[in-house]
Amino acid sequence: MTATDALKARRTLRLPRTAPALRRLGPLGVVAAALLAAVTLTTLLAPVLAPYDPDRPDLFNALAGASPEHLLGGDALGRDVLSRLMWGARTTLSGPLLIIFLSTTIGTTLAITAAWAGGKVDAVVSRLLDVLFAVPGIVFALVAVAVLGPGVPGVVLGLTIAYTPYVARVVRSAALRERQLPYIAAAWVQGRSAVGICVRHLLPNLRPLIIAQSVSALGFAVIDLAAISFLGLGVQPPTADWGLMVKSGLDSATRGQPLEALGAGLLIALVVAAVNVLGDRIGRQEGELR
Amino acid sequence: MTFLLRRLAGLAVVLVVASFLVYGLLYLVPGGPMAFLLGNRSGTPEQIAAIREQYRLDDPFLVRYLAWLGDALQGDFGTSLVYRQDVSALLGARSTTTALLVAYATVVIVAVGVAAGTLAGLRPGRADAVISALASAALAVPTFVIGVLLVIVLALGLGWFPVFGPGEGFLGRLHHLTLPAITLSLGSAAFLARITRASVREELGREHVETARSRGLAERHVVRRHVLRNASIPVVTVTGLTVASLLAGSVVVENVFALDGLGSLFVRAILQRDFAVVQAVVLVLVTAFVLVNLVVDLCCKALDPRLSR
Amino acid sequence: MTLLDVRNLGVAVPAARDWRTLVDGVDLAIGSGEAVGLVGESGSGKSMTARTLLGLTPPGARVTGDIVFDGDSVTGMSRRELRALRARRVAMVFQDPRAHINPVRSVGDFLTEALIAHLGHTPTEAQARATRLLADVGIPDGARRLRQYPHELSGGLLQRVMIAAVLAAEPELVLADEPTTALDVTTQSEVMAILDELRRERGMAMLLITHDLALAAATCDRLSVMYAGRIVETQESTALTATPRHPYTSGLMLSRPSIDTVVDRLPVIPGRPVAAYESGDGCAFEPRCAHAEAHCRDRRPAVQDLAGARVACVRAGELTLQGDTA
């Protein structure tokens, strides 16, 4: 067999690129990914899929139980619970995604700067992280809300500050380890700039770790944002949001309609469980790479 | 001893930084402190003068901060704009409720988490699989969802527990605190169970455990004196961190069960822009958090001779 | 008199779908007070053999063959009997004292633990006894050492503590698993000398497990050389070093640097050592053997007697191998 034959054989044997990724996730990981995809698609297509306008009150449906017209009944104002659940993932998921994006970007930048510069810069950043660690995350969010007023911006700001040190600590220690490796020295000797090395070499090598860290933090962010919305300090009514729906659903439950609270609570739990499973799988792969 | 001093100094630094930030935040508010303090209320000139007086708005920032800090150190956090009461008086009774809730939850967490984790660690197979699955499930459900589920099932459905309110007498209070404490503890108990399981597993595989077995010591002796003793070190650390995080978690749980503790006061104060109360609660929470961490560090040092240098 | 008699010992651990053989067909005999060396590279199964003698096999492992200690079958022992055996009759010195002594318990705890549990000593008696034991292994300030923690002691001192703990049980047989490998070169010979001297004084037999053939030959009466989970050669120490019968033994000796001779390049055994489950149907050493012939691949060479030696090599009779030149 010649070399080109071998290449051809390999090409015909090669599976679609996504197949190995799915296989590495394992059956549970695939279920988790499918669940998240389904939730995302549903909420994006909610204007088409939802049977009712989520904001339209209907006094005849107020606190009504399940019926063929309203599969999950109505809330205290008679709005269709199923439609609200379909819409509700938008705020419940987009807020945490934003928080993770911001905290990962800031945390990674801080960490790589500190690890690369070392010395005083590193010491200052490390002390700063220590102080941030000394305060529970949700307190940051609540203080930010106290200043900016209830609403998503305050919560996103507060939770971003709360999550940044976790990202920074993990990335910093990995970056310190990575920096010792010979390929960095090699790039340095070749006259590459510090920023160039960080962006072109260090960052790609840290990427799997950063992704694993972000996914597992996403689960916590979903919980935290939903909890703050539940307290009435995050997403504001009348938006359909799962955290808010648990709050109003608790009220409805005491008046005999538990479906709103149960539905929203279950969905939050499922999404968090799916994110955790994915984070766990990705983290495990990252562990195997090292 | 030097360790303790160093830790106390570090603690003081954290508290000063935290207090400075908490105090300074007031001035970051769009519209300045006056707009913030008045919030939606429209103040009479006398009220405005009173606020300027209380918050020393005419003094330079640092002077104001130091005066506030000095008062706070003496337990004087100023007057609530909403309740027209001393903040420390507002905090007093509510701290007891929160402390009781956190203590109750801690007992549940340690009892359930350590027992389940140890069992799962020592008995691979079915016990381990069941406990690990339950722990994963419990970890995925947010505290407030657990609370709402418990209310719907145990209080509204089965009527075993009161739904809301504080309860009469110590036992009554405990009865009323049971659902909140379970709510607060479930996720942490699951987390602690995981840590305990991993720690016990790791210690079981340690070489020194093989030595103990090779010396003919009874398995129970080996497990008690070597496996569990050594596994307790990370477990204590995580327990401490968990208890500290319960302080934050209680904010949510108190709101689910309408308990009048620090957490519900905190949320109300934020909604009503009652800033003296917000500052005080944050300071109390941070102090408690840091103190718990200090206690954990001291425990770890007592448990692990390698740390005392 | 034979104290320990091992016949056709096999150990296999469960792998993904089948069993992985780690030890295969090992015969070993140790008389009272005798010192036997078990020599081999890492992965040859020598440590697993020693652990199996005490029933310390990994979970799920399958042990075949017979282990008879002083007339009793170890493989058939109940857990209680096995514990009694470990407590009073057979003791083990492990390779890395830092890992093998509980780091969060004091040296005193480690030494007195077994004395209190097995010999019924009161804590005070046990302390006094432990101090004397430390003195025996050359640690004079025992009372102070008892209060210290393992991380405060050097590796050499810790290994002496381990030896003291073994002496405390007054066993009839000591299993020493690479007792000096984890130590600094400077303390290795000291620790080995203490171990050997004290066991001779007390009439204890010893199974010394090591990769160091010269060390084993200097300490032991008889040597067994292990390769890929099997014993390939057994001889008296002096005879083995002078006239090795198995090509592997000879290779081990030649690949050691000697202070007396200058060589351009140290001869090495080509290839890498294999574990028992990795070897094929024939002689496991065949792929690396300089004297291999086609028929070596046919089946496992049987152990044969050859002028006082027991060798598992089909060509043993025809070969004249180089021994230790020194």
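Think of it as A, B and C in the order they're written, each chain with its own count starting at 1.
Keep this in mind: contacts are C-beta pairs under 8 Å (C-beta built on N, C-alpha and C of every residue); 3 or more make two chains touch, one makes a residue touch a chain.
Keep in mind that this is a model prediction, so the values were computed, not measured.
The leading chain pair by number of C-beta pairs in contact is A-B.
Of all chains, the one whose CA centroid is most distant from that of subunit A is C.
Distance from the subunit A centre to the subunit C centre is 54 Å, each centre being the mean of its Cα atoms. Separating the centre of subunit B from that of subunit C, both taken as means of CA atoms, is a distance of 54 Å. If you average the Cα atoms of subunit A and of subunit B, the two centres end up 24 Å apart.
The part of subunit B that touches subunit C in the complex is made up of residues 206-208, 210-219, 221, 225-226, 229-230, 233, 303-306.
Residues of subunit B that touch subunit A in their complex: 13-14, 17-18, 22, 25-26, 28-29, 36, 136-137, 139-145, 148-149, 151-152, 156, 163, 244-245, 247-249, 251-252, 255-256, 266-267, 269-271, 273, 275, 278, 282, 285-286, 289-290, 293.
Residues of subunit C touching subunit B in their complex: 54, 56, 79, 82-88, 91-92, 94, 96, 99-106, 113-114, 117-118, 149, 151, 162, 165, 169.
Across the complex, subunit A meets subunit B through its residues 130-131, 134-139, 142-143, 145-148, 150, 219, 223, 226-227, 230-233, 243, 246, 249-250, 253-254, 258, 261-262, 265-266, 268-270, 272-273, 276.
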